[in-house]
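One chain, chain A, links the two complexes that follow: it is found with chain B in the first and with chain C in the second.
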Partner chain A sequence: MRSQTNITIDDAALVEQCKSGDSDAMERLILRYQNRVYNAILKICANPHDAAELTQDTFVKVIENIDKFRGRSSFYTWVFRIAVNLTLNYCRRNARLGIRSLDAEKNHHDWQATTLLKQFLTNGRSPDPALVAQNKELCRLAVKALMKLDDDQRAVVVLRDIESMNYAQIADVLDIELGTLKSRLSRARCKLRDVLETMVK
Partner chain B sequence: MKENPNTDELLNGFIDGQLTERQRTELQRLFSHDPEIAHRLKKLRSCKAIVASLPHADAPSDMVERVKAALKKSPLSPAQPVEPDFQAAPGHLFFRKVVSAAAMIALVAVLAGVVYTILAPGKPAAPLPPGEGRTIIAKRVLEKAAPALTLPQFNATLQLKTDNFIAASAVVSAALEANGLVGKTPGTSRGKKGLYNVACTRQGFNSLLLDLEDLWPRLQSATLFVQTDRFGRPIAVDAVTIEQVAEIAAQNSLEKRIKLAEDFAVLNSIDRFLPGKEVFAASEPPDQALTIKPPKPRLVGPEETVEKPAGPVGPQQDIYLTIVVETSPLDN
Partner chain C sequence: MTCRNYKELMMGYLDNELDDEQRKVLEEHLASCSECSKELEQFKQLKRITDEVTLVEPEDRIWEEYWGSIYNRIERGIGWILFSVAAILLIIYAGFKAIEELIRDPAVGIILKAGLLALVAGLAILFVSILRERLYFRKRERYKDVRR
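Right, the complex of A and B next:
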C-alpha cells in the first residue's frame, strides 16, 4: 500500500511536469504504464499489432488531453479508461466488419493442454501460474475462451484477473455502477467456466 | 442447488476478496453445508487462476518513440504547436490572389470569345449589282477559295462539249500555256477529242479557271465529274458553271465536296427543266433567294487571252483535273 501511495504521488508530480511541457516527465509516464496498458489491451483484443497501435493511441490521447486531467480519479485509472475505451471501440468496429483474430479461431486443441485444463476444472485444483505460462497451448485455450466473452465482459475479467484492479477502480475505468460491475463479472466468469468446460469435453 | 445469480456474485466477491467480513463468514458457513457451492467456488477460482496465469506481454520497446512520432503528426500536439507563419502568409495570400485574378480574366476572355463566335451575326454578303459580269463572281469565288489550309486532293474530269472543236481547243491550250501547266495530251485527230491532264496547285487552278471563263458561254455543255470514294462512281454535275467548279474544288473536306457537287447537280437539273426560273432555297426568305442560272453554253468564237504568270507546279500540287474537249454531235 505504501508503494502504491508513492506511485500515486509520483504520478501527480509527473502529470504536473508534463502539463508544463516537460518531455522527460512525459516519457517517464509512458514508460511507467506502457507494459501494463499494452498487456491489458492485448488480452482484450488478442492482436499484438493492433494492441501496439492502441497503446500508442492511448498515450497520444493522454498527452493531448493531459490538461483536462483534474485528478478526481487516479492517473492510473484515467489512463486505463482511455485505453479500454479505445480498445472496446476497436472491438466493436471489428465485430461489425467481421474481423477476428486468427489465433482465436484455431480449432485444433492440444491433447496435453486440454488434459491439464480438465484437471484444473474437475478437481478444483488451482493451476500453477508458471505451469500455465509455460504451456503455450493452454494459454491459447484460455485466450480463446476469453474471446468467447462479450467485449464488455472480457474487459471486466481482464481488469480484475490480469490487471488486478479492485472493483471500485474497474467501475471507475468503465464508468459503471458497482452493482453493474459485480453482476457483469459474475456472468463473465460463469460463461468463461462454461466455455472452458466445453473445450475439455 | 440451483445456480443463483446472487450466490454467484457472492462467490466471485469471495474469491476476489471484495466481501465484507460478515458476508465472508456467512459464505464460509454455506460452503461447509453445501458441497455443490464449494465445487462451484473451486471452478470459479480455477478460471480466475487460469486467466491470471496468462503470460504478461510487454509493449514494444520503441513505444516512446512511436508516441512522440504520432504526437508530431497530430495537429493538437503540444510538442508541435501550430503557429501561423506571419512572414510567409501575406506574400502567399497575395500570390494566390494574383493567380486567381489572372485565371478569372483568362476564363472570361475565353468565354467571351466563344460567346461572340456563337452569337455574333455574320457579315452580310454584299449584294451583286445587276449588271456585274461573271468575272466578278468568279473572282469572288476564287478569292474565297484561296487555299489557307491544307485541303484534300481534288480529282475530277471536266467534259467540255463544243460545236467548234478547234476554237475551244485553242482556248484551252492557250489557257494552259499561259499558266505554265504541263501534261497536255493531244486530242485524237479522228474523233476530234482533246485530252488535257492538268496537275497544279490551287492557285494555278484558280488562275486557269479565270482564263477559261470566257470560253464557257461558247460551249454547248459543260459537265464536271467529281471523283468520289463511293463505289468508284463519280458525281456528274451537268451544266456546271465555272464558279461551281471553283467552289467544289475549294471545299476543305471530301464529304463537303461530294455534298456540294450533289447539290449543284440537283439544282442544275431543276434549272434545266425550268429555264429562266429562280430556285429558292427552302430555308431562306424569297428576298434572299439564291438565284442560280447555269449558263447555256454557246460558242461565239475565240477570244484573245491575256498572258499570265505561270502557276506553280511542284510538290504542293493537289489539283488533278482532266479536261476533255470534244465536239458535240451537231458538229459531225
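Right, the complex of A and C next:
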C-alpha cells in the first residue's frame, strides 16, 4: 500500500496552489527556502541584520509577483534570482556610500585558524578534521576572504560552493551565459586562492 | 590549448560538470603537465576551505513576527502609494490656490504661468518623496554606527 503522508508536494504544485489563493501553500514554500536564502544572502552581504531584511524583501517580492511567475525556470532558481539581485543591488549601494562591513577592516587573525589555513593550503597535509570542526575561526576567515572578491564573483562562489547549485542553475539565477559563468567562477577561485595565500603569509 | 585554457575544465572537474570527453581531455593534459596537476590540487584544497563555510542556522528571533511583518509590508506598500498620490494632489491643489490670482491675471505671460504650475507640481512631488525617505530611513538609522 502506498502511504500518502510522506509524499512531498513539489514546488510547482505549491506554486499552483498559491496562484489559486492558498496562503498555506505560500507559507510552505517560504519555510522551505527561507533559511537557505538567508544563508546565501548573508554570505554575499556579510551583515546579519541586513541579510534578514533582504530575505524579507525577497519573499515580499515573491508574494507580490507569484502571479507573474510563468514557470519558465524553476521556482527555486526564481527565488534565488530575486534574492541575489536584491543583494547585489544592496552591495552596489553600499559601495557607492562607502559603507564597508566591520569584519573586512580587522586585519589580525586567530593564530590557530591561520595555522589551519596554512595546512589546508600546503599540499599533502590535511589538518585534523576534529580540529577543523571546532574552529569557527576558519569559517570566519574563509568568509572574510570571500568578502575580498568582487560582488559578482562572490555570488558565483556562494551559489556553487555554499548553496551547491549546478552550473545550469547558477547561470539561470544570474541570467548569464554558461561560458560567462565558467570564466567568472575560475577567476573567482583564482582570486580567492591568492587572497587566502596572502592571509597566511 | 594553453595551460590557461584548462582552468575552466579544472573548475568543471571539481564541480562534476564535465562530460566524458572533456574529462578525458583534462586528464590527458594533467598527466603531462605537472604545473596544472599541482594547481588542481590547490583548487581541491580551496574547495575544502569553502566547504567549511557551511549553513549557519539563523536565530529564531529573525523569523519571529516574520509573517505579520511580510504582510504588513505589502499592505504598507499599497498604503504608501495611496498616501503619495493623495499628498501630491493636495499639495498641487494648495499651490494652485496660492497662485490662482496670478494664473487668472491676463497680463501675466503664458510661459510664466506654465512655469509656475510646473514649479508647484515639481515641489509637491519632491516634498512627498523626501518625506517618504525620511520616514523610511528613520527606522534604519540606529544601525548606522554598527555598519561602518
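Here is the rule we go by: the second predicted complex is superposed on the first by the 182 of 201 C-alpha atoms of A that agree within 3 Å, B and C clash if a C-alpha of one lies under 4 Å from a C-alpha of the other, contacts with A are read in each partner's own complex, and residues count from 1 in each chain.
Here is the rule we use: a contact is a pair of C-beta atoms (placed from the backbone, for glycine too) under 8 Å apart; a residue touches a chain by one contact, two chains touch by 3 or more.
Quantities reported herein were computed from a predicted structural model and do not represent experimental measurements.
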Overlay on chain A: chain C relative to chain B, clash or fit: clash
Touched partner set for A:L185, first chain B, second chain C, both or neither: both
First (chain B), second (chain C), both or neither touched by A:L146: both
First (chain B), second (chain C), both or neither touched by A:N47: second
Touched partner set for A:V37, first chain B, second chain C, both or neither: first
Contacts of A:G21 with chain B and chain C, given as first, second, both or neither: first
Among 4-12, 112-120 or 292-300 on chain B, the segment whose C-alpha atoms clash with chain C after superposition: 4-12
Set intersection of chain A contacts, chain C complex versus chain B complex: 27, 34-35, 38-39, 42-43, 48, 52, 55-56, 59-60, 63-64, 117, 120-121, 132, 138-139, 142-143, 146, 157, 160-162, 166-167, 182-183, 185-186, 189-190, 192-193, 196
Residue ranges of chain C touching chain A (in the complex, touch as defined): 7-8, 10-12, 15, 17, 38, 41-43, 45-58, 62-63, 66-67, 69-70, 73-74, 77, 143, 146-148
Contact footprint of chain B on chain A as seen in their complex: 21, 23, 27, 30-31, 34-35, 37-39, 42-43, 48, 51-52, 55-57, 59-60, 63-64, 117, 120-121, 124-133, 138-139, 142-143, 146, 157-158, 160-162, 164, 166-167, 182-183, 185-187, 189-190, 192-193, 196
Touching residues on chain B, where the partner in the complex is chain A: 3, 5, 8-9, 11-13, 16, 18, 39, 42-60, 63-64, 66-67, 70-71, 74, 76-79
Touching residues (chain side chain A, partner chain C) in the complex: 27, 34-36, 38-39, 42-43, 47-50, 52, 55-56, 59-60, 63-64, 99-102, 117, 120-121, 123, 132, 138-139, 142-143, 146, 157, 160-162, 166-167, 182-183, 185-186, 189-190, 192-193, 196
